[in-house]
Each structure stands twice: as C-alpha cells, then as structure tokens.
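In what comes next, chain A is part of two complexes: it sits with chain B in the first one and with chain C in the second one.
This part shows the complex of A and B:
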C-alpha cells in the first residue's frame, strides 16, 4: 500500500515535470540578440578560429578563470583530507602484483592517450577540443596507470602541488598584464591574443589533468581502506 | 537519421529508469557509463562535439571509475563489518559460559 502510494506520487511528479519541460520547449522565448552571429562577427579579433574556444577563453574568460579556481579548491580539500590519514599510510602501501600483460598494454596505451590529449589541446584553436577535454584524457591515462598497479600515487610531493596551481597562477598573471597598460582585467593584447590563449590552455591542461587525477588517487576513503588492509592480513 | 535520433532519445530515458530502479549498485554504475556513452552520441547528433568530448571523457570515463572505486570501498567495508559481527557472535556464548 505504502509503496503503491509512493509509486503513484513519483509517477505523477514525473509526468508533471515532463509536461512542464515540454511546455518550456514549446513556448521558449525568442532571443532578441543573435549570439552566434555576434560571436562570428568578432571572431577575427579573438586570436582563435573556433567559436567555442573564443567564448571560453576570450569573451567569457572570467567564468573559466573562476571554474579553474573552484577545481583548485576541490583538490586542495581532497589533499588535506588525505593528509589526515597520515603520510605513512601513503608511503607504506603495498605494491599490488603486476601482470606482465597489463604492464605491456599500459606501456603502449598511455603514451598514445597522452598524444591524443595533446592533439585535442592543439586542435582546440581551430576545431572542437581544448584544455578541459585534453586534461580529462591525460587524467584518464593516469587513472589507467594507477589501476594497472604503477605506484604513481607515491609522488605526492612539491612538484605535484606546483603543477596543480600552475594553471590558475599563469592564467591570473596573463590576465593582469593588461592592468599594467591601463586596460581592464583579462584583456589580451590583440597581436598576441592567439599565442596567449594557447599558452593559458597548455598550462590549464596540465593543471586540470593533475587535478582530476589527484581527485582519484587521493580520495581519503580509498587510502584508508588500503592502509588498513596490511594490518588485517598481519592479524590473520 | 530521425530513426536514430528517436532511438537515442528513447534509449536514454529507458537507461535512466533502469539506473533508478536497479537494486544492484554495480549494475547501476555500468548502466550509468552506458548512459554517458549514449549521451555522447546525443550531443554529437545535436552538433555539439565539444560537449560530446567532455561527456565521453569526464561523464562516462572518470565519473564511472570514481563510482566503481566507491563501490569497491563499500564492499570492503561491508565484508569487514560482517567479519567483526561474526566474531562478536562467536565470542558472546563463550563469555556467557564463563559467567555461568
């Protein structure tokens, strides 16, 4: 009876939401500004040939800057939680047995994935692609390495932290260049816009890849469960 | 092409229902990854390749790995708890016998 009531309520809510969404699509307001045309008109001044990269890193670059900051905050919190579990747990993790087939596979696959990532980054300036996608691909290569048993999580040192913050720092530095010559924050000099955007995207790719990878490697629960395992085996 | 679009749209709704109804967490995660791949196709059909790339890499790939990791952790903890409970049950009668 109770489940029946719940199911009825859920289906009524579902149908109502569906009807609302259908109505929203049906009566969508006609926009007064033709945004795609606007972007296309001033694409030549942005330094990139792809409209989405132009929007992300030129017209609306402030949004992207804040997004990167949010990612950095998330990874800082993750690292702080991982440190609570003590660094000894990190360094004393046992090496899982590595399958020679998996080693051979990752040896060939990971460079390929990183190469594709770099291509996606480069392609971002004239076709779909860019820093976020490339970063996610490279992070996926790292996850693959970790799952195959390579001890990459033991390299949680100063270099990792520099890499994590590099993207935001370089972004803010390039954004502040304009302040020196009296222009507003985040204005690129028109002659160097393309190069500067590509430079930002390159460091962003590195930082995003390291951020996503760290979120996987240093999730505190995974670490604590792994560090508990050896002691349990000893007890048995 | 309209047929393929229809198939993708209906398939997305079906997979979402299957994820929500599924009792088995592992099954739900595998379906979630399938959902991500199908959503990637939907973005491609909507001519949004940028979103498709991000969805494939982050939505289907990394999120799937994180969810699988979480399931592994939950299973391990469940097994450990069961172990402890069994030990406690076995320990109790002995204690009772000693008290008597």
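This part shows the complex of A and C:
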C-alpha cells in the first residue's frame, strides 16, 4: 500500500471515529444510578475514608487484583526478554555518570523520594494517594539511582523475584481468607477491613515499585547492537 | 477576540458544560491518535499513538463522570487502574521493540519498507 493511500485512509478513519465519538458523547444517556451517593453510603463499611481507595480495594478489588496480575505478566516477559549480557552492556554506561555532584545529589534526594512515597501510601487511606502513586514514586527513586550510575541492577536475583510476586501472592491470600469462613472471594472481614486493605497496599507498593523499576532496568539494550547494523539504520 | 467569541457563544450556553469539553477533547485525542496509529510506519510512533489513544479514553471516562452530583469515584478508580495497565503495556511494547531492534530488526515493519 502506498503512502498516499495509507495516509488518506488513516485520516478518514480518524475523522470518522472523532465524529462517531462526538455523537455518542452528545447523546449519552444520563445514568439513573447515583454512584457517588452509593459509594458515600457504604463508605463506613469499607475500612477506608477515601472513596477512590474504597472503590479500588473494596468494591472493585477484582480489577485491582487482575491489574497486579497484568503487571506481573509484563515484568515476567521483560525478565524473559532481558539479554544475558545486558549487565556488561549497561555497566559501560556507568563510567561517565559517576560524577561526585550526582552522587551527592542522589544520596540526599533518594531517601526523600522514598519518604514521600511512604507518606503517599499512608495518605491513601483518607485522601488522594495510595499504592500505585507510592509505587511509582519509589520506582522513580530507583530509576534516578540507576541513571546516576549506581549498579543496582546487579543485585537483582531471587530476592527481586520474591518482591515482584509478593504483592499478588499476599493479595490472593488475603482474598482467599473469606473463602474459609464461607463468604465469597475478596470479602474482607468487617472488623479488619481497614488493616487488611493497608497491608495489601503496603505489599502492593513494594511489588509495583519493583515492577516499574524492573521494566526500566531490564529493558534490552538496543544501542549495543547498533555497531553491527547497516549504516541506513544508524541514521534513523 | 476569538477567545471572547468562544466564551460568549459556547461556554455561556448550558449545552457546553465543562465535562462535555473534557469528553470532546478526549474524542479529539482519540481521532488524532487514530490517524497517527494507522498513518505512521515507524513502530515507535505507532506505540506512542496507541498510548495516546488510551489517554483519550481516560479523559472521556473521567470527564463525563463529573456530573452535578459531584465527583464520581468509580470511574476515577477504573481510570487509575487503566493508567497503570496502560503504562505497563506501553513499557512492554517498548521492551519488545528494543529487543526486536537489538536482534537485528529495523524500526519499520517489512511491509512498510520500500
């Protein structure tokens, strides 16, 4: 297919999709169910004070469970695709980055970022925040360390794999507790709901941080093979 | 002058509420990213266009959910879940792309090279 035809068809598809969506939004029916009110009414039973955390980890905790599973699948594929020699390829990047100023900066900045991450995790029970934001912050601290030249990728072994799976395993374990007492899957005992949700969020933070960090650390080295490529590819 | 026209003609009417603007911008983003997804041949551009399409969907979901009843936490939580899945899916696509390049592939698929 030539470029002209492809661009024309793509434009037609894009404009048609925009028109269709605009029509759909314009004529969308007003919902008869008052969801915010429903959530507010049963917020007291959930064990958290923030409606979004309540939806994420109580009303729709199935979604969150499957989301953690998706993250685990992504990182398993990443680790499977990581090249065996990627450590040597990455270590070549370290030399120019070991600047004393960068080292001093990361020494002071990373503990602060981790602290903010823990605060965001704690704040998730009564205001915006929670496991994913905290995990993203802690993963950002790890990415900062790696970019500054600290060889954290070399510590990855069994312990990293345990940390990656810990979130999902603990989540499924807590979700299965209810099955023992004859209640449906993912029902929290009412007395312990708040504590259990916070426990899940804590291990999820650890696993999400390690997952996002691993997605960055173990991505295959695309630059190392540039040398054996034709020059046309190099120019792009 | 055009801004004033916008304000008086469109924002003043009851039809164009803020949440409708969010949703319409989301639809626009989806349309643009559709053009980018099918029009571009570079794999990286396609991945980015697909990621942008997801952002448009999130904007529609969050924007339309803001009724006069207040902020709806259910779509917000779903979008939060969706963002994490979109991030990991994009990261996975980029990793597979990097591996493809590292093992000798080119940045365009064979049928688009000419």
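Note that in this section the second predicted complex is superposed on the first by the 184 of 236 C-alpha atoms of A that agree within 3 Å, B and C clash if a C-alpha of one lies under 4 Å from a C-alpha of the other, contacts with A are read in each partner's own complex, and residues count from 1 in each chain.
Assume contacts are C-beta pairs under 8 Å (C-beta built on N, C-alpha and C of every residue); 3 or more make two chains touch, one makes a residue touch a chain.
Because the structure is predicted, anything quoted here is derived from the model rather than measured.
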item: Chain B versus chain C as contact partner of A:110, first or second or both or neither; value: neither
item: Contacts of A:168 with chain B and chain C, given as first, second, both or neither; value: neither
item: Dominant contact partner of chain A by residue count, chain C or chain B; value: C
item: Contacts of A:28 with chain B and chain C, given as first, second, both or neither; value: second
item: First (chain B), second (chain C), both or neither touched by A:217; value: neither
item: Contacts of A:139 with chain B and chain C, given as first, second, both or neither; value: first
item: Partner chain(s) touched by A:79 [first = chain B, second = chain C, both, neither]; value: neither
item: First, second, both or neither for A:67, with chain B first and chain C second; value: second
item: Chain B versus chain C as contact partner of A:52, first or second or both or neither; value: both
item: Partner chain(s) touched by A:203 [first = chain B, second = chain C, both, neither]; value: neither
item: Residues of chain A at both interfaces, chain B in one complex, chain C in the other; value: 52, 132, 212, 215-216, 219, 221-222, 225, 228
item: Contact footprint of chain A on chain C as seen in their complex; value: 20, 23-24, 26-28, 30-39, 60, 64, 67, 69-74, 76-78, 80-81, 83-85, 87-89, 91-92, 94-96, 98-99, 101-104, 106-107, 111
item: Sites on chain A touched by chain B in the complex; value: 52, 120, 128-130, 132-133, 136-137, 139-140, 143, 147, 212, 215-216, 219, 221-222, 225, 228, 232
item: Residue numbers on chain B that touch chain A, as the complex places them; value: 49-50, 52-54, 57-58, 61-62, 65-66, 69-70, 73, 76-77, 80
item: In the complex with chain C, residue positions of chain A that touch it; value: 1, 6-7, 9-11, 13-15, 17-18, 21-22, 25, 28, 30-31, 34-37, 39, 51-52, 54-56, 59-60, 63-64, 67, 70-71, 74-75, 77-78, 81, 83, 132, 208, 211-212, 215-216, 218-222, 224-225, 228-229, 233, 236
